[in-house]
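Scroll down for the structure; my scribbles are underneath it.
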Amino acid sequence: MKTLSRVYIALILLFLFAPIIVMMLFSFNSAKSTAAFAGFSFKWYGELFRDEKAGEALLNTLKLAVLSSVIATVLGTLAAVGLSRLKRRWVRNTIQSVTNIPMMNPDIVTAVSMLMFFVFVGGMLGIATRSFMTVLIAHVTFNLPYVILSVTPKIRQMDKHLLEAAQDLGCTPIETFFRVELPVILPGILSGLLMAFTLSIDDFIITQFTKGEGFYTLPTYIYSMTKRSVSPKMYALSTLIFLVILVLLILSNVLQAQMDARRDPKKIAARALKKKKKMKEN
Amino acid sequence: MTGQTLAPAPRVRQSRKPAIVRAVTVAPHGLWCLLFILAPLVFVVYYTFTDPDGAFTTANLANVFSASYFAVLKRSVLLALESTAICLFLAYPLALAIAKLKPRNQSLVILLLMLPMWINLLIRTYSLKLLLEVNGPLNDFLGLFGIKPIRFLNSEFAIVLGMVYNYLPYMILPIYSVIAKIDPRLKEAAQDLGCNGFQTIFRVVLPLSVSGIVSGITMVFVPSISTFFISKSLSDGRIRLIGDVIEQRISLHNVASYEIGSALSFVLMILIIVSMLITNRFGDKDGGVVL
Amino acid sequence: MKKNAFRRTLALCLVLVLVVFAFASCGGANQTDGVSTAPATGSGIETGSGSQTDGNPYKGTTLTVYNWGEYISDGSEGSLDVVKEFEKTYGIKVKYDYFSTNEELYAQLKNGASYDVVIPSDYMIERLISEDLIQTFDHSDLQNYHYIADEYRGLYFDPTDAYSVPYSVGMVGIVYDTTKVSEEIIAEQSWSLLWSQDFETGDLINMNNPRDAFGITMCYLGIDVNTTNSADWQRTYEKLREQDCIYLMDEIYNKMENGVSAAAAYYAGDCLQMMQENEDLAFYYPKEGTNIFVDSMCIPKSAKNVGAAKLFIDFMLDPEIATENANYICYASPNVAVRTNPDYDYHEGTDEYAILYELPESYKEDPSRMQYYHNLDDATQNWLNDYWLELGLD
């Protein structure tokens, strides 16, 4: 039974990784063809690095992700805090439900609805119907529910007595928020920020419909590459993205393991003993 | 990230926190919701129920349920259900298998499963296409055993495979995270009371993992039913799903394209709301999303 | 827990910042290196770093161009990156976007996108003019306009040559894999290849846009591609339904070059590009007739930088640039200087010349077999759109 489970896990992992590994292999193919592997070559990576558009797309993606996740985090955290204080339940529930709409709605519907909205507004105000602004707005919008979702549980879990105590000791409401509340809910804020950042980097269809002329993010750039003659340059780009993500995930897990190890009582005791020994020797 | 119920918290003294401060923190967000979530949806509803001249009509909706569009709707729902079912049947045993590993190996496997999730949908789908092409590596491999090249692509099979490939991790993780939290003593107790392995699973583990299953189903069904890139690239434009038709209609920008595109989107939204209501019946009362 | 998340985010940010700098510095370094690996072209070019930037009022501005995919010499496979040359010559930054069908271009313009230069096809230009989406501009401002051949002036879609400047010319044909299609079928030289039952799903490719898909079917059936007769459209729709093919545009490149599919209907210039990559491919113009088209450069009404747009159009007409471009995209050029340029690869006698500039026998006998698309009136357009969507729904 045990070996059966392991084999099954291995099979599923193989299924999930085989296509990507194949793509990685073909990124090193010296010929353009995907039918046969002609020889090993880095030339597609060379072409990729010379491709300014790809570099621009990467920068745009990061710019958009950072801006939209930060804005969404600020707006969302404020909203979550404010909502938690709200007396009237129906207001709170309505706003919660409305905020969650982009999360439940399929991306294509959000994309289409925002397109129609921006075209109308742009037409009425005589401004550009789509620009960096509009794509930023779209990204913030679909990030908001995740931020609020991350922060709200932390607020609920917080001991409200702390806030009372702070105010008793003379803090103004604002001071209370920054000195007492914020540090406690910080993990939720950070995890919301991270989630928003990830979603923004990955988004394709909403960006495709709301971006302006000549603006590319990595996903939309990859899409435009798949719609034309696909050169292995795209596989090279995909491989690099995969490797970066792999490194990031490993890094974050190594750090986590380190933190956990530090907290392990047995190891703490062992370290304490070591220290004592050294002190005795000196 | 499920909400937890605590003892009722003491009320922060409202008198020291004027109502206006509360309004200020929520107002920007509220305004944002109004402008950028509700208003666009109003447009969708508006275009669904009006004709190009602006008069009220239900013709657009009727059109959606006409023979040809309805065939597309039916196909999208069927394929989405198929892929959700397949994901469930693949993921559940996998979650059980992972839960049996040593904790260190468990985190390793989970890490490996999360990796594809972080990679863009387009890359994942395109790499699958590369693999499945009629003269691609998979067929080359099969050719070693004397099997003639199989045309995997341009078929409903390819689309379902694409959906399963892309969304399987989204089914595995919620189920695993719920199963891993199940107190092992419960399983021990069941076995002490005479259950064999299978009975333990069906009578103890399964009922306790329902919330994970529901999360997983939601996270697979919704994107499956609304995808357009997967169907477009894996069937090379031969088989269209509801997402394709919406994208096509809006992109073509002809007479009534906003109207029909909105009507289709409207129906899609209703479909999803209905499916969520159904799954929530069986779901976690805490209402959190297991991410 | 808090420290944990903090560290994780920090690590993430650090790595990302490093990656960004890596990329940015690579891209930046290459800008000054001058990437184009093109062979030295004749001395007639006024191009080169900054040669036109002094006294050029548009230096430092941005130009947005919207063009078909695979339709400009972009520096790959040793060609000249024409857009980069323009940037270097005039000091104008170019933002380049791709579309795959005329309808996509139309939708973008209707949705308010503001491009400075667009390159639609003839019938779409007619439509854009009638809907007031493109603007007139004085062709006498263009120093190189005189290179446009006489037969491409005063065309039906722009009789006064006020709106457009021809970019390339061509006809639709069938590119096929000689190892997959039988001799008898090839000998037919007919559109019927795309309806042949001898092939499996995925072997035959039709074009993924309504006008072309219906147009070639009408050519096959001998119907006027601009007919307003609803029975004709019905017949065409039914004929199309008999086809078992996949619908693609530029994705056809990969299918044909990699030997995946057997045959595709596509534009002659693109087919030639594919044939250069895969020796097994060949091409013919079906005897029943085909669509002939002209793609021209226009300036939308919503353009923000008309001056730079005119510079770009003029630049594309420059003999050396036009030749480099024509060499890469393989389309027939309306530019006289190209055809007489010794650097032009497709002179008389080459296989490509025969395809690009000579007519097959059946067209010589009956020139009416080469049909231009005209802009359809609303009613007819509606039939086309409805049928096209119906087609995709099964």
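We just call them A, B and C in the order they show up, numbering each chain from 1.
In this text, a residue touches a chain if its C-beta (ideal position, glycine included) is under 8 Å from a C-beta of that chain, and two chains touch if they have at least 3 such contacts.
For clarity, every value in this text was computed on a predicted model and none was experimentally measured.
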item: Maximum centroid distance from subunit B, chain identifier (CA atoms); value: C
item: Chain pair, most C-beta pairs within the contact cut-off; value: A-B
item: Distance between the centres, which are taken as Cα means, of subunit C and subunit B, whole angstrom; value: 37
item: Where subunit A and subunit B are represented by their mean Cα positions, the distance between them in whole Å; value: 18
item: Of all residues in subunit A, the ones touching two or more other chains; value: 34-35, 115, 226, 230
item: Numbers and ranges of subunit C residues touching at least 2 other chains; value: 111, 251, 258-260
item: Two or more partner chains touched - positions in subunit B; value: 133, 135, 250
item: Subunit C partner contacts - residues on subunit B that touch it in the complex; value: 68-69, 71-72, 133-135, 151, 153-155, 235-238, 240, 244-245, 248-255
item: Touching residues on subunit C, where the partner in the complex is subunit B; value: 103-104, 106-107, 110-111, 200-202, 205, 208, 210, 245-248, 251, 255, 258-260, 378, 381-382, 385, 389-390, 392-394
item: In the complex, subunit C residues that touch subunit A; value: 1-9, 11-12, 15-16, 19-20, 23-24, 26-27, 30-31, 35, 64, 66, 69-70, 76, 95-98, 100, 111-115, 249-251, 253-254, 257-260, 277
item: Subunit B-facing residues of subunit A, complex; value: 1-2, 5-6, 8-9, 12-13, 15-20, 22-23, 26, 34-35, 75-76, 78-79, 81-83, 85-87, 95, 98-99, 101-102, 104-110, 112-117, 120, 137-138, 140-141, 144, 149-150, 152-153, 156-157, 159-161, 163-164, 167, 173-174, 195, 198, 202, 204-205, 209, 218-219, 222-223, 226, 230, 234-235, 238, 241-242, 245-246, 249-250, 253
item: Of all residues in subunit A, those that touch subunit C in their complex; value: 32-35, 47, 49-56, 58-59, 62, 115, 119, 122-123, 128-130, 183, 186-187, 190-191, 193-194, 212-215, 224, 226-231, 244, 247-248, 251-252, 255-256, 259
